[in-house]
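Shared chain: subunit A. Partners: subunit B in the first complex, subunit C in the second.
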Partner chain A sequence: MLWQNNKRSILTWGLFQAIAYFVLALPSLVIIGASFNPGSVLTFPPHGLTLAWYVRAVQTPAFTDSFLLSVELASIATVLSLLAGTPAAYALERYRLPGLQSVQTLLLSPIVIPAIVLGIGLLMFCNLIGIGQGLAALLLGHFVLTLPYVVRTLISNFSLFDVVLEEAAQSLRASRLVIWYRVILPNILPGLLSAAIFSFVTSFGNVALSIFLVSGSTATLPVQMFASVEHSSDPTLAAVASFVIFITGIIVLGIDRLAGLQRLV
Partner chain B sequence: MPQQSAVTLREVSKVYGDVSALERFSLDVPTGRLVCLLGPSGCGKTTTLRLIAGFVAPTHGWVFIEGADVTAKPPHLRDIGIVFQHHALFPHLSVFENVEFGLRNIGARKVERRERVNEMLATVRLVGLGGRYPRELSGGQQQRVALARALVLRPAVLLLDEPFSNLDAQLRVHMRDEVRSLVHQLNATTILVTHDQEEALAMADQIVVMNKGQIEQVGQPSEVYEVPESRFVAEFIGRCNLLPCKSAGRQRSVMVAGDQSLTISNDMTRESGVVAIRPEHFVVANGSSLNRLRVEIVQFTYLGARTYLHVSLQNLKMVVDLPSTETKGLMIGAPLELTVDPKFVRFLP
Partner chain C sequence: MGRFATRIAWSRNIYLLGLLTPAVAAVMLILSIPVAWLVRISLFPQDQSYDLSGWSAVHYMKALTDDLYLESLARTTIYSLIVTLGTAILGFPLGYAAARGKMRRWKIFFIVLPLTLSLIVNIFGWIMILGQNGLLNSVLLSLHLLDHPKQFLFGVGTVLVVLGHTYLPFQILSVMSVVRQIDPMLEEASASLRGNRWVTFWRVIIPLARPGIVAGCTIVFILTISAFIIPQLIGGASVQMYAVLVFQQMMTVLNWPFGSALSLILLVVALGFAALLRAAAGRSGGLRSVVAK
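And then the complex of A and B:
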């Protein structure tokens, strides 16, 4: 690219990048800053340093319970979405059957439908089939929510995977099962990881859908946070939020070290 | 059913939609021979290979491998090995693991696997490279891994699908010699699919010339080159002059370009057709030569040892391939008298 030779342009570009990153990181920085503030009101910038709110957060069952529930929910939803989404993406990419295009559109539609609409629909559906609100409804909802991310990520992965490798494996006496676990899965592992992250993060952070599906005893962490921000502005919430940011950061960094993030996206 | 053939196709047809890729195609591949399916793209040669491998099912007909009907069997239950055009090595497995892949699938024990893989790597001269990954190998080495991977299972037939087409010209010639001596050394029945006639002539024990889903001619390389049975074969393999001709009224004699008569080597099956003459079978005529053609020189192409002459016979264009020593003193526009031994002149309907 031409402008790379121009020193001033490089400087401008660097500045632009710095501003962009700063703006992107700003909300996180504010919340992390506020979480260490000793005062009992949510403020920024911090006037001192304390870990008291973290201690308080860990001691608040409403947060710890909902955190565990969210982890559990995101994990199960991710596993289910991978189990259903991998074969689906494979079929959508490999086979040219009439009607498959519509199936693909349907599968990916939850991405474009506003989550609040999806939430209302799911709530009515869950009531209709008699499972009501609660864990089962949440699982179903998060499965629907995360499946499109898995399918979309894996379709692009399968499109890069050479079908001739499968034929080669077949000619070397491999059954379908052996082809899946010794040829296909190892080659799409980066895609699976990436799909799992998308799925987990999407499920873990969701409010708009979950809020319709939780029951009194089963609030997810984001729903719990959303609720508590309504009747208190105490920095425990900032501590919880910061904690989530740290966890997410560690996961992303860890996977970057393991597999290289560039290869995933 | 046939016993001594490694592969037999009986009356095989394959129809894609309303396009017929193969029509009542029958073929016997004798054990231990290297048979080449040769033809232009779309002639059905790749379909034939994929039918034998089991990747496509025939619309009609039967496929036998070593006498057993495998028509309904999936690829992994057929006793075959394949080398693909782009090698198709498993990128996530090392050279050793690539070669070992098939042995695991047939349940060979670890000791046996290691022994056979190492033996095979030695055969294809890849000792010491077992720990490398495919991306770390040259094109020729990748090809050898692909061969080793297929041959380590000692398949009843080795299928080669245009295996040299993505190697550069020099390596291609080298690899085809290497592959030929390897399969002969292992006495492996081999079917090679190619559109490259030179490759077919250089490698095959037997060439099957295919066109439009059917066999045009089967024979040894020298047979299909020297005794083509159809215009298609004459033109597809090597260069060939096809001159329209009519019967001259006598046995084995034709008229070409109006008034020039030629003696031919085979019987005419029709009153008119073409005679096929290879460019290199012409000789500059001397006083006593028979079977002469008077031509005019249009253009020279000097190629060192040989010289290509483009000549016209009345208004027919011909190519003549002469030793450069015989073309000294010839000039563009000058008349030239050529002669050709009748045994090299074949009538084709």
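And then the complex of A and C:
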């Protein structure tokens, strides 16, 4: 162990970590605290509890509409990424051929291309081909945004899945299609689900790419929140943000139960 | 090779092509072609978003000679190095402890949650903490450490703290995933050979954890140098980071050719740094290990 086995050293380490994790969680804690605070300004310590801001958030069409749009967008982008990413991840894990390494780098490159470059490029491209800003542009962007996460998650899943099962099916003269839906897909179901959830959360929370692709009538929830943060400090926003924190927290806990976060990250 | 074997190879190649084509076509169409089109736009001589025609390198000349843009690029690079170094120094012990210590499950949850949470939520939380009516001011006022509220937002220092806070989890995760693969026996062996903890740290752990450190630094540098939302909302007009200038040229000034040129310079610096780090760390790190975790 790196740390000494005496009481003071262990205490110092523990304290350092406790502070670090507290600071990591601090912004979320403050937002949740503010969302239940009756006053229109955040005060410390808070006086009283109220759900009024949540009620107002639900009654604000700008938030509910953009929430529904974000859910719709994240769902479609996830389905597209799974459809394209699953076979690709399988091919990249199963075959060792020259050139496949470059294909893998290409498929994972959206992770390292700065969002602002991708966003501007896509905005210019959508103007060029005439679809402009809006839902179609957002869909293209979120598809390529989520694809690398699906590919990466599934590559590690396929590497754990025993190829002997496929060979057994093959020797029984199962066609490739049958092998896919009777052998491969059922065996990687937990991986598929966690890839889907990661993809969904990535798309749902994105603001850096979406901000270039939204049109006046189609704002995603994070973009709507961006506009609100810029213009006001309304506690309704704290309720919306808390809601996003709860959803994301539940989803991350869900992945942990389903596939084990430790194995994925 | 017999004819039968050739036929199998053909069938396999066609199958492979079918598996890979949708994903490769998508990335080519949605990423490669738009970036190529961005390169073309940056070479139009005009200063607007319409009637673009002709070829010229005038925007690159301006971006690489005008003091405003050069200074912003230099500052942004320095800020990014500070954030990268700071998060690496904090992230290493945290990542190490998350790999070896107790309560791993909860630690990982609290590392992954901020990463999956929308960036905008994190920024909003920081505004509530640092703003004039924010938490920090109320605490300091109630403890009589301040007489009247102080504005903590809109400064370079604050922007760097928020950037570091936002991207620290990447460093922790990268270190954690490599330290988990280091056999604890190696550290015990070093200790039993009378290496003190510093020797063990510098000669055993750091070299073995290097790929993770390099991967974490690469991703944090790329994210910081291209950050525009945090500088805009936390820094305001006083912090002109490079990506903010890009955003303004594209979305407010609508000088698309110049904005495109700036964005491509940003891309080259970001990926150039990644390549440099990879070269410095030997073959065991860099871009590929970032994306192929």
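Operating definition for what follows: the second predicted complex is superposed on the first by the 225 of 265 C-alpha atoms of A that agree within 3 Å, B and C clash if a C-alpha of one lies under 4 Å from a C-alpha of the other, contacts with A are read in each partner's own complex, and residues count from 1 in each chain.
The rule is short, and it goes like this: contacts are C-beta pairs under 8 Å (C-beta built on N, C-alpha and C of every residue); 3 or more make two chains touch, one makes a residue touch a chain.
Every value quoted in this text rests on a predicted model; they were computed, and no experiment measured them.
Peer 1: Look at A:191 in the shared chain and tell me whether it touches subunit B only, subunit C only, both, or neither; answer first, second, both or neither.
Peer 2: Touch status of A:191: no partner.
Peer 1: Touch test for A:182: subunit B only (first), subunit C only (second), both, or neither?
Peer 2: The answer is first: A:182 touches subunit B but not subunit C.
Peer 1: Thinking of the overlay built on chain A, is A:108 touched by subunit B (first), by subunit C (second), by both, or by neither?
Peer 2: Touch partner of A:108: subunit C, not subunit B.
Peer 1: Just to be sure I read the superposition right, which of the two partners does A:253 touch: subunit B = first, subunit C = second, or both, or neither?
Peer 2: In the superposed model, A:253 contacts subunit C only, not subunit B.
Peer 1: Between subunit B and subunit C, whom does A:83 touch in the aligned arrangement: first, second, both, or neither?
Peer 2: second
Peer 1: Between subunit C and subunit B, which one touches more residues of subunit A when both complexes sit on the common chain A?
Peer 2: Ranking subunit B and subunit C by residues of subunit A touched puts C first.
Peer 1: Across the two complexes, find the residues of subunit A that touch subunit B and also touch subunit C.
Peer 2: After superposing on chain A, no subunit A residue contacts both subunit B and subunit C.
Peer 1: Spell out the part of subunit C that touches subunit A in their complex, as residue ranges.
Peer 2: 15-16, 18-20, 22-24, 26-28, 30-35, 37-38, 41, 90, 93-94, 96-97, 100-101, 104-105, 107-114, 116-129, 131, 133-135, 138-139, 142, 165, 168-169, 173, 176-177, 184, 187, 197, 200-201, 205, 218-219, 222-223, 225-226, 228-229, 233, 243, 246-247, 250-251, 256, 259-260, 263-264, 266-267, 270-271, 274, 287-288, 290-293
Peer 1: Per the contact definition, I'd like the list of subunit B residues that touch subunit A in the complex.
Peer 2: Within the complex, subunit B contacts subunit A at residues 53-55, 74-77, 80-82, 84, 86, 88-92, 101-102, 105-106, 149-150, 153, 159.
Peer 1: In the complex, go through subunit A and note every residue touching subunit B.
Peer 2: 162, 164-165, 167-175, 178, 182-183, 186-187
Peer 1: Where on subunit A is subunit C touching in the complex?
Peer 2: So the residues of subunit A touching subunit C come out as 1-2, 4, 13, 16-17, 20-21, 23-31, 34, 41-44, 80, 83-85, 87-88, 90-92, 95, 97, 103-118, 120-125, 128, 140-141, 143-144, 147-148, 151-152, 155, 176, 198, 201-202, 204-208, 211-212, 221-222, 225-226, 229-230, 233, 237-238, 241, 244-245, 248-249, 251-253, 256, 261-262, 265.
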